[in-house]
Amino acid sequence: MRIHVANPNGTEAMTATIATAARAAAAPGTEIVATTATGAPASIEGPLDGAHATPFLLDRIAGTQADAHVIACFDDTALDAARALVRAPVVGIGEAACLLATQLADSFCVVTSAAISVPVLEANLRRTGLIARCAGVRAAGVPVLEIGGHAAGAEDPVAEAVRRAARDHPGAALVLGCGGMAALAGDLSRELGRPVIDGVAAAVVLAEGLARLGHRTLRLA
Amino acid sequence: MRIHVANPNGTEAMTATIATAARAAAAPGTEIVATTATGAPASIEGPLDGAHATPFLLDRIAGTQADAHVIACFDDTALDAARALVRAPVVGIGEAACLLATQLADSFCVVTSAAISVPVLEANLRRTGLIARCAGVRAAGVPVLEIGGHAAGAEDPVAEAVRRAARDHPGAALVLGCGGMAALAGDLSRELGRPVIDGVAAAVVLAEGLARLGHRTLRLA
Amino acid sequence: MRIHVANPNGTEAMTATIATAARAAAAPGTEIVATTATGAPASIEGPLDGAHATPFLLDRIAGTQADAHVIACFDDTALDAARALVRAPVVGIGEAACLLATQLADSFCVVTSAAISVPVLEANLRRTGLIARCAGVRAAGVPVLEIGGHAAGAEDPVAEAVRRAARDHPGAALVLGCGGMAALAGDLSRELGRPVIDGVAAAVVLAEGLARLGHRTLRLA
Amino acid sequence: MRIHVANPNGTEAMTATIATAARAAAAPGTEIVATTATGAPASIEGPLDGAHATPFLLDRIAGTQADAHVIACFDDTALDAARALVRAPVVGIGEAACLLATQLADSFCVVTSAAISVPVLEANLRRTGLIARCAGVRAAGVPVLEIGGHAAGAEDPVAEAVRRAARDHPGAALVLGCGGMAALAGDLSRELGRPVIDGVAAAVVLAEGLARLGHRTLRLA
Amino acid sequence: MRIHVANPNGTEAMTATIATAARAAAAPGTEIVATTATGAPASIEGPLDGAHATPFLLDRIAGTQADAHVIACFDDTALDAARALVRAPVVGIGEAACLLATQLADSFCVVTSAAISVPVLEANLRRTGLIARCAGVRAAGVPVLEIGGHAAGAEDPVAEAVRRAARDHPGAALVLGCGGMAALAGDLSRELGRPVIDGVAAAVVLAEGLARLGHRTLRLA
Amino acid sequence: MRIHVANPNGTEAMTATIATAARAAAAPGTEIVATTATGAPASIEGPLDGAHATPFLLDRIAGTQADAHVIACFDDTALDAARALVRAPVVGIGEAACLLATQLADSFCVVTSAAISVPVLEANLRRTGLIARCAGVRAAGVPVLEIGGHAAGAEDPVAEAVRRAARDHPGAALVLGCGGMAALAGDLSRELGRPVIDGVAAAVVLAEGLARLGHRTLRLA
């Protein structure tokens, strides 16, 4: 099986990070093809970056033969358009992470990068209906490209935000609200003793499942 | 005051129709500047057309000085991105029509062009919360560019669909779910004795109002 | 065009304040006719005051020729009854303010006068469906007739409550939850750098728009 | 215990009907005091009648010593105002009927008198949250004062509407959406083999229960 | 009339407490039959205890002749199954308490025993639709069987949690989220000057009312 | 990887059918262990059957070592209890089918066996929040154990019900609302040209994904 993981931004380094997370999550025998939306903004922060990234992202999706596609930005950039573009299933990492969270706890709390993304995610949650299970969306106050880039010895502000969310919502699974946060999931899950969900991994397993079952997106005319 | 009415598709004739509806709705002294998203699809039918139209549409919005902008496709194409692009208020004709409908009746029913647009509009209604007041979204089964193009003497299938919606939902205002249906509003409203709402007109008065009050879209960083 | 702004309470001074805000918001050429519900309670605080004010308010609406009517209490006193009384559109300042807020930000937060009004506003938000976009309703702890009446040199407790709401909800537009707070909107909006919405102004532009388009409220038998 | 059943309209004959239903529902030892809102419209059909009835209704509630009050119109006329007026519990027959329905079936369907009442009831259901369990509100097309007045030998149009609702919603309890329909409940329930709920009876038992427990309505200042 | 109050856990002492609360709430002439689900867990904390208790609880319900049944655990253990088992009405104390709360205030806040029960109650509130009126569910951090067992002279941690909930939600009725908290209701209601609702009492009056009206649960095949 | 597929009813033949569907859906290398809840009712029709099946089902789950568990009844029998019983992820076929449906279409329509199951599924959809995307739940009018057992040459009533649902909801994915309908999915999907989703397959891929990522259910105390 071949899963296309499309990084909607133009930063190759981030594609590499995402591809690593995707490969770690994939089943044996699944080929992960990761693409960069070269020409798109360097990171997707807010709906305008998402719009600017869309044509480049859709080009990658149209041009990449795959059994299923993953859109690897937590905003689920251009997800509906991609689902109208190809018949193979398309999964967004934001929606996928929240879907898996509902299987592990009664509610979930999302910790994203910067404040500009919070209303994007809240609008997505209303659109999908997942808002019914969401205990909150909060920002760590860190721009996407600075995630993980805190000074050595300093506390990771994203991890700190996840810990605070855990304290405030004892019954919630924790969802990492940015594709660049994948590396934190394992350690934080062990530390906090509860599900900490990375969207790239979530989307890969969901995409594999949809593809294995031979499902295709409903096409209307 | 200057209101920019942006037709997100590439069909000049449709821009002319929309501009006429906009000017008929505008206050004395309001200048309507209508633009065409030349390069965009000829009509917006479904999310993929919307995505393809977005860069051209955003170019028009960025490049047109105005006190407020109207996005003149009932899908509210790229509305969030446009609101992140300029500080002047941006209004979509779909959301505007439904908002006005809530002021005139307890519920509303949308009649759009073709089936492909129904899920787009339903997702928008969930995203905005207007779904709480919506009695249904139905398609007339007519592609956008064929609206009004029925054979002389034949019943207009859009008008027929609106009449059926009126029969099925006695307490609902009727919302015309496509920018190209504006010409039907007056006659159908008189015939049916209840509000029949065109989104272009609705969006123009909402945009004028927001602009007159000096409101600007919230900007997050 | 002639817009009737009906103050549902019996305090002439408040009518004057409201009329000033309405005239500042109206288009050139719009005549604002402001009436006082003489005989009604001096202020509307809670549902009982609203009920007591209703006959006087409806008398003003029935007796005032206008292209549209505005009910100038944030509780939207007797709004459904007024809409059944006259065919001209009727707009409540509470609903209007929240509707405009949804055009400027993903969510909104309401700051009203005293605690007694909070459940009234929350019930209205559930009834209209606007609750889906509401980040909270809070009281400044100031009775309606004492708004603006803080000691010289003292902090305005309403402004303080708005600032706190802004801090707690970074992505929310701020809605002033009482007709008597209109004078605060401009300064607070500049200070906070985000939309601060006065319902009187919001309702006037919405009423003008509905009237200009010739819409009439749906009448059922 | 003394329960005040307030008929919000001015028709003594309807008060008598309601009082009979209330006494049939009450526990032994409960005194039912039924009042007529003399001066109010002869029937409450739509929000304007409700507003006109309100001062007369509130006078009866303020002037009648009771352990709990029932507002005997399915619109729940002035319910919030009445709850702010007296500390004794106040129950509306519309809300009470729907509450009991949720104890007997997963969903309920309301059959009311005329179309004008449908949006009133739907708005109430959104306000209370009971809409989550409602399978529909439909009108029998019979004005309130003509209920039961069909020609001898003719089918009762209200009973017919209830039967149709039962066919369309196999899993729903049936709620009689008008105080004047009480006499139908028993026969229809036996005929259809499922719960058919009269609001007067429902409200009486709820009011008795609240009163027996000594509960008082929350008062805010 | 005969009301069966079924304690779903196996602790006789708790049955005695519940029976006392039920008898204090019942009308004169109502016989309260209280049973213990001997064989069930000693307390119901979380969904697993609920599942283990279910066969014993259903045995009691099937084996006890009554005009209505009350399930006396705030989780509303096996409520749907019990309603499918017998035709007499079945009421859960959790749902009953929240229903009565909606008659006394615009919103309610639940204080339950331990954190493990919070997601159970939140899922129930979503299932019934009562979530629309719920201001929050919080845990006092006290296991069910230790309620009331704090050291003499020490503050009761449940009462403390109720007081905090009252401070945080000025407009909310307070709901005691465990059958073992009944004894607190009266004193806390007087102290806080607002409704504090015990589910056992709430369910008894609701069950009596449903039974008196002769209602039976809808049976589907 | 080892996935335990637990048939909550006591019919071995149905376990075999379910196991076949599960193995067809599983990844290479996944071992499917299918168990029968011997002692449980022969089929699960309505909440009472579900309650009776629960102890046998939980015994199988506790006694079967697996990386994840699937509960193979569309009612998601005892799902919350199972999630509290083991730390390995537990997936219900009803919830899983609807989750996958949201990835393939904007809405979904469920076709279940008999009317008795409709309210169970609707309550589950409200509890999970998936109701926001559900266009309807309908019954084919066929008891679980008679699915597929129509006379040779006669139309399959389940397939007929799915076709009707497809006609009524052009934009909806179709969900087969019973574990015994799996064999229909492929043919109906090809015939109708849109997603037809079997819950067993859906749950297996979801369970595999959760297990592969090492997720464990949140445990509260």
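Here are some notes:
Order as written gives the chain letters A, B, C, D, E and F; numbering starts at 1 within each chain.
In this section, a residue touches a chain if its C-beta (ideal position, glycine included) is under 8 Å from a C-beta of that chain, and two chains touch if they have at least 3 such contacts.
For each chain, UniProt lists the protein as follows: A, B, C, D, E, F = Aspartate/glutamate racemase family protein.
If you're wondering where the values come from, they're calculated on a predicted model, not measured in any experiment.
The set of chains touching chain C and also touching chain E is given as A, D. Interface note: chain A and chain F, two copies of one sequence, contact each other through mostly matching residue numbers (shared numbers exceed half of all numbers used).
The greatest centre-to-centre distance from chain E, using averaged C-alpha positions, is reached by B.
For the pair chain B and chain E, the distance between C-alpha centroids works out to 50 Å.
Distance between chain centres (mean CA atoms), chain A to chain E: 41 Å.
In chain A, the positions touching at least two other chains are 105, 115, 118-119, 123, 126, 128-129, 132, 170-171, 220.
Interchain contacts (touch definition given at top) occur between A-B, A-C, A-E, A-F, B-C, B-D, B-F, C-D, C-E, D-E, D-F, E-F. Residues 25, 27-29, 89, 91, 95, 99-100, 102-105, 128-133, 170-173, 186, 193-195, 197, 201-202, 205-206, 208-210, 212-220 of chain C are the ones touching chain B in the complex. Of all residues in chain F, only 115, 118-119, 122-123, 126, 139 touch chain D in the complex they form. Every residue of chain B that touches chain A in the complex is listed here, in rising order: 46-48, 50-52, 54-55, 58, 78, 80-81, 83-85, 114-116, 118-120, 123-124, 126-129, 220-221. Taken in their complex, chain F has these residues touching chain B: 105-107, 132, 170-171.
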